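Next up, some structures in structure tokens.
Paired with subunit B in one complex and with subunit C in the other, subunit A is shared by the two complexes that follow.
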Partner chain A sequence: MKKNNIEGWLFVSPLLIWISLIIIIPIYIAFELSFFNVKIIGTSGKFIGIDNYFKLIKSTKFINASINSFYWIIGNAICQTFFAFTIALTINYRFPGKKIMANWIILSFIIPTVVVVVIWKLMLSSSSGIVNSLLINLGILDNATGFFSTPNKAFVSLVLINSWRWSPFLALIILSGLNSINREIYDASKVDGANFIQQFIHITIPNLKNVLFVLGLVGTLLSFNIFDIIWLITKGGPSNATTTLPLLIYETAFTKFRISQAATLSIITSFLLLIFSLFFIKFMAPKEND
Partner chain B sequence: MIKETYLKYIFLTLSIIIILIIFFFPFFWIITSSFKSPEEIIATSTTIIPRSFTLEHYEKILFNSDFFTYLINSLIVSFFSMFISIILSVSAAYGLHKLKFYGNKFVEYSLLVTYAFPGVILLIPIYLLFAKIYLLNTYIALIIVNVLFATPFAVWMLKAFFKLIPTEIEEAAYIDGASRIIVIFKIIIPLAAPGIASIAIFCFIISWTEYLFASILISTDSLKTLPVGLSAIVGQYQIDWGFLLSGAVLASLPVILLFLFIGKYFVSGLTEGAVK
Partner chain C sequence: MNKILLFIISILFSFNALAVTNVTFWHMEGVPHRVDRIQTLIDEFNSANPDINVTQEVQNWGEIYAKAPASVAAGTAPEILVGIPDFTPILAEMGAAQPVEDFVAELDSKYGFYQKALDQYTYNGHTWAVPLWNMALSVWYRKSDFEKAGISPPKTWSDLKKAAKTLTKDGVYGIGLPGNKQLYTDQTIYSFMVNSGAEEIYNSDGTLRFDNPETVAAYDVYKELYQYSAPDAANWTWGEAEACFASKGCAMILQFTVISTYDSQAGGDADDLGVIQIPYANGKAHRAGTVSYVNSAMIMTEDPAKMEASKKFLSYLMEPGNYGRFINMEPGLFLPITEAGSKDSTYWDDPVVVKYKSQVETMLDNSTRGSLFGFTNGNTFTSISSISAQNLLAQTLQLTLIDGKSPSDAVTEGMEIMSEAIE
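Presenting the complex of A and B:
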């Protein structure tokens, strides 16, 4: 056992060193910066203690972005859970073309985000987008609508686009969990008269707890960190409705040139996410059986 | 009983149709649109079946733009990111899931928690750090960051594959006098090959699609990656849709080709490796 300990750490250490260097040094740099008032990258600033923290926590911009981020995580979680389970449960059945669908459903995940943006900018375009012309032809809309023109529409459109990108990938991971469930349990429950919904709640979900734990943790953190889709489509607008915390940090640093403030925001955000992760692991981690 | 099977059949058909429309139709429409004439693309009466056919957008992007430079940059960065990620994650996954050392659960969860940091949060300090050690405008800068994003999940994906390898095979090899290195290269890696293929694709995709860091850490035009090159066109006030669409199709082509050949390992790796 003792030998395993040393060797185990030895095999893990190259990755651990790589990751810690690229996380710990930058976090330290950000921490240091947050006590100064550096503005443009490369210039030096004055030490101002914890003023940045006080100022930012009270600022409406920070509060507004935090609320947006919260809605962003919730919206994405709901949409992606719905799409991912629909896809996973569908592919879990046998039908002609199932193999092809299972292999290529992931297409939206393997293409660059920029391509996702191009696809949906044209699909949802108000002048020549196919979604508008479909909705008009079906009689749902009278006139073409701008899907990114009002705060609410822009926010919902972005949540849907982001879910479109991620759901197939999540579906495949859920499918891996589904495949590991013993078919006989379903057959036995059928004999006992359980219907589809009862099976889903009492067999499928409990058996997926390992997979759902990882998806819940990593999925939430990944959703939170989404930057490129929002930035490339709305730049955080209209009227800051789609400015989540990552966008606020980016704007503060690279368009407003307030490096220290951006670093402070990074520290506050990292702290919040770390607390979330620790609580999630503490209370949601499945008990190890093997 | 009959009623339930009937209902199920309707549900299944319905969800297949919805999935086809939502997740597959956009690709059909974008690809066909990239062959339409500029007038047809921006016409208000949108067409599903194209009325015109032209290769002018592809000619323009292939022969009259920096597309190839961006493509080569993306290929170099993605290939090396993938290569390093594989070595680091296979080694770490072997230590975590085969050797079960003291503290392995802590390391396993810590790896997942690294997803609490990436993205824009690390962007500013990494930019400052790389500026200090002269790594801005280098491929290495992007490779370092891509490996950070790809490996934690790759290690988790490998777990299922490593668990499928019976311990007895390894033990038999040790009894025959094989060293740990021989066991890894002759038993573990060949048996976990589908798993390694899946993480290879995963790491390649993560690097191929990365935009944020590539847009900040690289400012020299000749070193830019495809996503950054393409996004410059998206941001323009007057978008040349034909140019953009053909660029989008071509930028997706390499990952689609890769997927065509080893994609089945990725999907079966994700779906059939029993995660228990």
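Presenting the complex of A and C:
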């Protein structure tokens, strides 16, 4: 082996060891567990081959959670993209108080999730929440409504709360991309008579392709893995309407006490995410000549 | 010479430090004044027992079902863990919770446990935990609301439906009932099941008997009453119900206690605060009862020294003079489970208990008719942990409240889900 190669391996070895410890070993343990029928963590189980895989893929809970996860990703992608672009484009313009606003919006991302949950639960309460009072006073509602009382309302409320939390973070990333676009292109397009929408479609979006690609990939994976907000607000309810795959894995492991089944779900989920990532990179990655 | 002397003293101190037995006490009473009261008792105990060092670590109910088994697997379990009956079988099955029948018998001979308290922890030939205190669900209301409406406090389900309907007006919900898939909802629906004669979930052979007309009747009346509850009750836990009652948004609620919030946030007029037992199904006065939870302490160590130290600490807590102060960490919530404890002056002399004495006496009386699903009439099977941990009583309720199925269909489906859960 060449000296340079040895040095190279030496330099990357700490990272390789770290990755092995925190990713490869846990995946291996989960993979091994998925072939047993261990119930409570720390106890032993019997080898059952691929029974867990057959059982779970056919189960309605897994199918429903997968569908919920799909809608969760789509809902968040639409809302967060809309909110993030609105915020980023607004801040990108020069106006008094721009700096204060840029700092202010990040608050929703900085404050701990538990605080976010407590605030939103209080604001959306039907007996003492400000949102219900406001909607009733504005004449939009006759009576107070329960924002988490039906499957659809709970799902939409959660998507909006999660989007409120994460959109400013995405907005800052988009904003950094916007700042890198040469202003002269916009000025030239103005001279040519382009309006805001034409500028957005033909200048802004193409110049943000690298940022959008990263956001699309990382944002989807992050959205998929959101657990805290859903668990703390609805615990997957009502009637399992907001149970996504991460919640199903947690429930299976720690309330149903089926550790092996939870490990199986984790392996299936990891596989699905891997497939998504490979397809996304293959088909959505910006090409050099774009 | 001085250095040698210092070295010897250090060594001696080290040995002395090694002789101290450490006991970690996990509980879920995270409210600051409860933590303070427990700490006071721990400090007193540690001062009186220099060879033992007890420390408390506060956990929460939301995570403990996951955290405790994980801590056992990781070898970091506490020596003492406070729990409720349906949590004990999991840890007993893992071999973590130690049998304590001899120790409980010793405490029983001194302080006299109420038999119902022991029933919830005695099965498979052992007693698995030391009962600490009881909690029983009651109906809470304001007497003035009923006087204004010209109705009497309800005794039967018909009375309750009438009261809920009458009291629902002008932004006030007649009754606050949860519909969440959570422990609170398990408790409220089970309290109706008890009052219709459906307290047994299991047959004596371990098969389920959940799907029966009495259970359906309980789910049916719950569904009727739910229309008078707040729209966001599908997401409620204990706190939201208490807040609704304190803010006069709910005329009645089912709760273990409201005394603390009522006293601090709702004016604290003790004469106006009413508490009654859960109404029973028409014609079933003999079935009157409620859901009750005996909280307990599991000893989770096999180390003889740590086990002895843990028993010594628990004996200290159960001693009259300490016991009243211990369960009055939240006055008016935790009820005594020993005869000696019921007479402990440190329990009855607390200012809050003095102020709400009649309410506390009613709570105590209600608790004597308490049952808990899966721990009734000796029909206790460890698989109840799976039903309880997944809140399947509440999930069944959601099938009718949220999904719109008939109570009968919901109960049938609920039993199928339970059967799968206990496989």
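Some observations on this one:
Rule of thumb we're sticking to: the second predicted complex is superposed on the first by the 268 of 290 C-alpha atoms of A that agree within 3 Å, B and C clash if a C-alpha of one lies under 4 Å from a C-alpha of the other, contacts with A are read in each partner's own complex, and residues count from 1 in each chain.
Methods note: a residue touches a chain if its C-beta (ideal position, glycine included) is under 8 Å from a C-beta of that chain, and two chains touch if they have at least 3 such contacts.
Note that this is a predicted model, so its numbers are computed, not measured.
Touch criterion not met for A:193: it reaches neither subunit B nor subunit C. Touch criterion met: A:128 reaches subunit B and subunit C at once.
When the shared chain is aligned, subunit B comes close enough to touch A:221, but subunit C does not. Judged by the touch definition given at the top, the superposed model places A:253 against both subunit B and subunit C.
Ranking subunit B and subunit C by residues of subunit A touched puts B first.
In the superposition on chain A, contact of A:145 is made with subunit C only, not with subunit B.
In the superposition on chain A, contact of A:41 is made with both subunit B and subunit C.
In the superposition on chain A, the residues of subunit A contacted by subunit B and by subunit C overlap at 41-42, 121, 127-128, 144, 250, 253-254. Within the complex formed with subunit A, the residues of subunit C that make contact are 65-66, 69-70, 72-74, 90, 93-94, 171, 173, 179-182, 230-235, 240, 243-244, 247, 249-250, 385-386, 389-391, 395, 398-399, 401-403, 421.
By the touch criterion given at the top, residues 4, 8, 12, 15-16, 18-19, 22-24, 26-27, 29-30, 33, 41-46, 48, 87-89, 91-92, 94-96, 99-105, 107, 109, 111-129, 131, 144-145, 147-148, 151-153, 155-156, 160, 180, 201, 205, 208-209, 211-212, 216, 226-227, 230-231, 234-235, 241, 244-245, 247-248, 251-252, 255-256, 259, 263-264, 266-267, 270-276 of subunit B touch subunit A in their complex. For subunit A in complex with subunit B, the touching residues are 4-12, 14-16, 18-19, 22-23, 25-30, 33, 41-42, 83, 86-87, 89-90, 93, 95, 101-115, 117-123, 127-130, 132-133, 144, 164, 168, 172-173, 175-177, 179-180, 195-196, 210-211, 214, 217-218, 221-222, 224-228, 232, 246-247, 249-250, 253-254, 259, 262-263, 266, 269-270, 273-274, 276-278, 281, 285, 288, 290. Within the complex formed with subunit C, the subunit A residues making contact are 40-43, 121, 124-128, 143-151, 154, 233-239, 241, 250-251, 253-257.
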